[in-house]
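Input: structures, listed below.
Across the two complexes that follow, chain A remains constant while its partner is chain B and subsequently chain C.
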Partner chain A sequence: MTLGELIFIFLLFVTFCGALTTVIARSLIYALVGLVATMFGIAGLYIYLNAPFIAMMQILIYVGAVAILIVFAIMLAGPFYKKPTEWSKVTKFLVSLIIALFTYLLFMRIILHSFLGGQDTAFMITTKDIGRSLFDKLTFPFELVSLLIVVSIIGALMLAIFSKDRK
Partner chain B sequence: MTDMLLYNNLYIYLFVSLFLLCCGIGGLLFRRTLIGMLICLELIMNGAGLNLVAFNRFLAPQAPYGMVFTLFIMGIAAAEVAIALALIIVIFRRFKHIEAEELKELKE
Partner chain C sequence: MLLLPELYMMLLAIIFLFISIGKRKGNVVACGQLLSILGVVISLSSIFFKGELFYGAYRVDLFSQVFKVLLAAGYCLVILMLGSKDEIEHEYIAEFYMFLSFSTLGLMMLVSSVELISIVLSLEISSYSLYVILPLRRAQVQVQHEASIKYLFFGAISSGIMLYGMGYLYGICHSTFLTDIIRVLPKFLNQPIGILALVLTLTGFLFKLSLFPFHFWSPDVYEGASHSTTTFIATIPKIAAAALLIRITSMAYLAPPVLVQILMVLAALSMTFGNLVGLVQRDIKRLLAYSGIAHAGYIMMGILALSREGNLSVVYYITIYLFMNLACLYTVILLSKDGENVTLDGLIGLSKRSPLLAFTLATSAFSLAGIPPTGGFTGKLYLFISAFREGYLTIVIIGAVNTVISIFYYLNLVRMSYSKEGNSVTPLKLSGMAKIICLIFIFFILAMGVTPSSFMGLFKHMVF
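Our next item is the complex of A and B:
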């Protein structure tokens, strides 16, 4: 077992523990910390997949933007009223656990029986290639994503402005 | 020799993304507040992005389309989070709570 494999196992451990913390933490802030740990673990996995640009974008966008947005929302809406009860019903926890395990087993069966091969091929895609294909062949989806982001920003502003004092 | 390494295996990445998907589904069903459900939705989107990059690495290593669509997923997730958090803030202002089970009507 090499050092790379040890680091890989550590990244898997961080990802799994972060995901479990995200689901079963009692407080929303702890769930968000678990989400951030998951994102860092996935960024490490992206580096192992020879995609360092995607790893950097993962940290910048998810940890830098999305997690901060969720922190703002938790601070604006979360702890000022009665404690948000996340753990109230045992039956609900059992039902969600059963559904998640069923989904896991089903997809694991599908994955194990459908894909064979495809191991360790040569992979030489750089960030330059990503930019090339993004601006040569996939220009229209790129512009559509930018339009979507603009529309969502305007929509968020509209929601914040026009629903201020209805009461 | 190199295919004996643990991180050169497609199934590891598929299992990680599958685990993230199932954690997200379980959290979506289990959480009661809207922000908690949104956090679990982010888990599902992370799993989808990891899946796309892993398929691009192992099954289609000629073109970078999987990575490009992972970037698209990140952009769409950012837009979705912005809209969803604005809606959650509006809901909190009007109803004074953000628990999903109590939101039975669109208008009071």
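Our next item is the complex of A and C:
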């Protein structure tokens, strides 16, 4: 086993354990730490998929911004140390297990029965390509993002003022 | 000036933004009514524009322009209908208009976008605006918050599923442009991955159309949102969703029968579920929500035909659906005194209180049920014929049976307003504007039923 494979398995392990912690942890903070671990693991997997740009974005956006936002939300709302009730019943656990397995098998079937592409070289997009296409082929979506941000900022401001008025 | 309707809609949004941050509010309602009527005129004037912009990511053709006219007309009617009653928080009326304009702008861009990322972003612009205006309902305590949270969560989940499907589309086609995808996709359509990608991509639009497994938001949102917001959500996003369903399924004309089977099951479940649950509803807005679920099933009959006739019938049906649904909801808006929901009992004695309104409701109910000579009958006929031509007899039979079931609760609306005598007969005064809007609805519903060829003549050139 080469070093690369070892790191890959380690990343898989981190992602899986993080996801499991997120779902079954008793405290929200532990769940958050699990989530961060998952995000790091997925970022590592992106590097294995020849997508370093997306890996960086994953860390910047999810670990850097989203996790911090969740921390703030937990901080403002107060920590909750409650055992999640969803897992306490055996039937619910069994049902969720069956659904998870079914989905997994379905996707495995779909992927195994599909003949993807057939080209020899890997489909790879570099950061340079992304930067270029944002300013030539994908100008329109690039501009649309600004409109989307305007709408969401105005909306968030209005809702904040609105809920203050109500109190 | 290919982008004239969109630019005008953006201008409207900016005007309302400045009104909302200014000190003097002025008469926002009258201003909005005038500007929105002008919007319809502008969209009509740009109906024959043609061209491509932004490296082929944005296509202006008859298909998109006709849909833009429909969207502008729907937007205009919603704003005119709102003018007569104010059940939105007063201080936020300018913001409400602004977000309606933003939402319509997003939908207008949606029908013209032929590139996956633009499609997602335009859809999100329109949805974000709607998430924000849902809580702005006056004189209610809790329902509107529940509605807005539900709409937000279901919307986010369906967008996520749609993006997942688009990821597969991009992965197998290596391009986000529909013109490239349409070349590569047929090779993958006989594999599970191609079907999976297509169906998941359709999810985002099926959510907007409130088809069966994605319908959970619709009854609560219809019930909880203010009447004018409901009117908007119930009609205008559905027009754009139908347009996008046509655009995306037209890439899959050569699809194997399994795609049609998936869509057929969804359509059948949606019709049956919507109509059966609709039978027991008392709240008219909730009833219309379930009727909307059933109608999504009817519309899918045209989509799953995967043919030019099918798409043509979908365009026709969504047009008549706009008018008949708006007419039915207009009755609710006019009947509710302080913005509360209207139940079936609230209709009692309507024919004595206001004959014109009762007649509008009767016309729209007949049309929703699909009884000649209204447009709903003609539209359904086209849908059934297009599915029948492709040999899908099962779904046609299910559709016909469902039409019969639905007649009960639609005609119940008419029975309540005409044959039941109420205790108090306080006449309902309609303003001149309200009368004109009622007459517009009656005219369009009857005209589309009696002379379908005049509308079909235009639509025939737009579909592919």
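Convention: the second predicted complex is superposed on the first by the 137 of 167 C-alpha atoms of A that agree within 3 Å, B and C clash if a C-alpha of one lies under 4 Å from a C-alpha of the other, contacts with A are read in each partner's own complex, and residues count from 1 in each chain.
FYI, a contact is a pair of C-beta atoms (placed from the backbone, for glycine too) under 8 Å apart; a residue touches a chain by one contact, two chains touch by 3 or more.
Remember, it's a predicted structure, so these values are computed and weren't measured experimentally.
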Which superposed partner A:V95 touches (first chain B, second chain C, both, neither): first
Chain touching more of chain A, residue-wise (chain B, chain C): B
Contacts of A:F140 with chain B and chain C, given as first, second, both or neither: second
First (chain B), second (chain C), both or neither touched by A:F16: first
Which superposed partner A:L159 touches (first chain B, second chain C, both, neither): both
Partner chain(s) touched by A:L148 [first = chain B, second = chain C, both, neither]: both
Contacts of A:I111 with chain B and chain C, given as first, second, both or neither: both
Chain A positions touched by chain B in one structure and by chain C in the second: 111, 115, 123, 138, 141, 145, 148, 151-152, 155, 159
Residues on chain A engaged by chain C in the complex (per definition of touch): 109-111, 113-117, 123, 136-141, 144-145, 147-148, 151-152, 154-155, 158-159, 162, 165
Residues of chain C that touch chain A when the two form their complex: 17, 53-55, 57-58, 89, 91-92, 95, 98-99, 102, 105-106, 109, 113, 115, 117-118, 121-122, 124-125, 128-129, 131-132, 135-136, 171-172, 174, 176, 188, 191-194, 196
Contacting residues of chain A [partner chain B, same complex]: 2, 4-5, 8-9, 12, 15-16, 19-20, 22-24, 28, 31-32, 35, 38-39, 42, 45-46, 48-51, 53-54, 57-58, 61-62, 65-66, 69-70, 72-74, 76-78, 81-82, 84-86, 88, 92-93, 95-97, 99-101, 103-104, 107-108, 111-112, 115, 118-125, 129-130, 133-134, 138, 141-142, 145-146, 148-149, 151-153, 155-156, 159-160, 163-164, 166-167
Residue ranges of chain B in contact with chain A within the complex: 2-3, 5-16, 18-23, 25-27, 29-33, 35-36, 38-40, 42-43, 46, 49-50, 53-54, 56-59, 61, 63-65, 67-68, 70-72, 74-83, 85-90, 92-94, 96-99
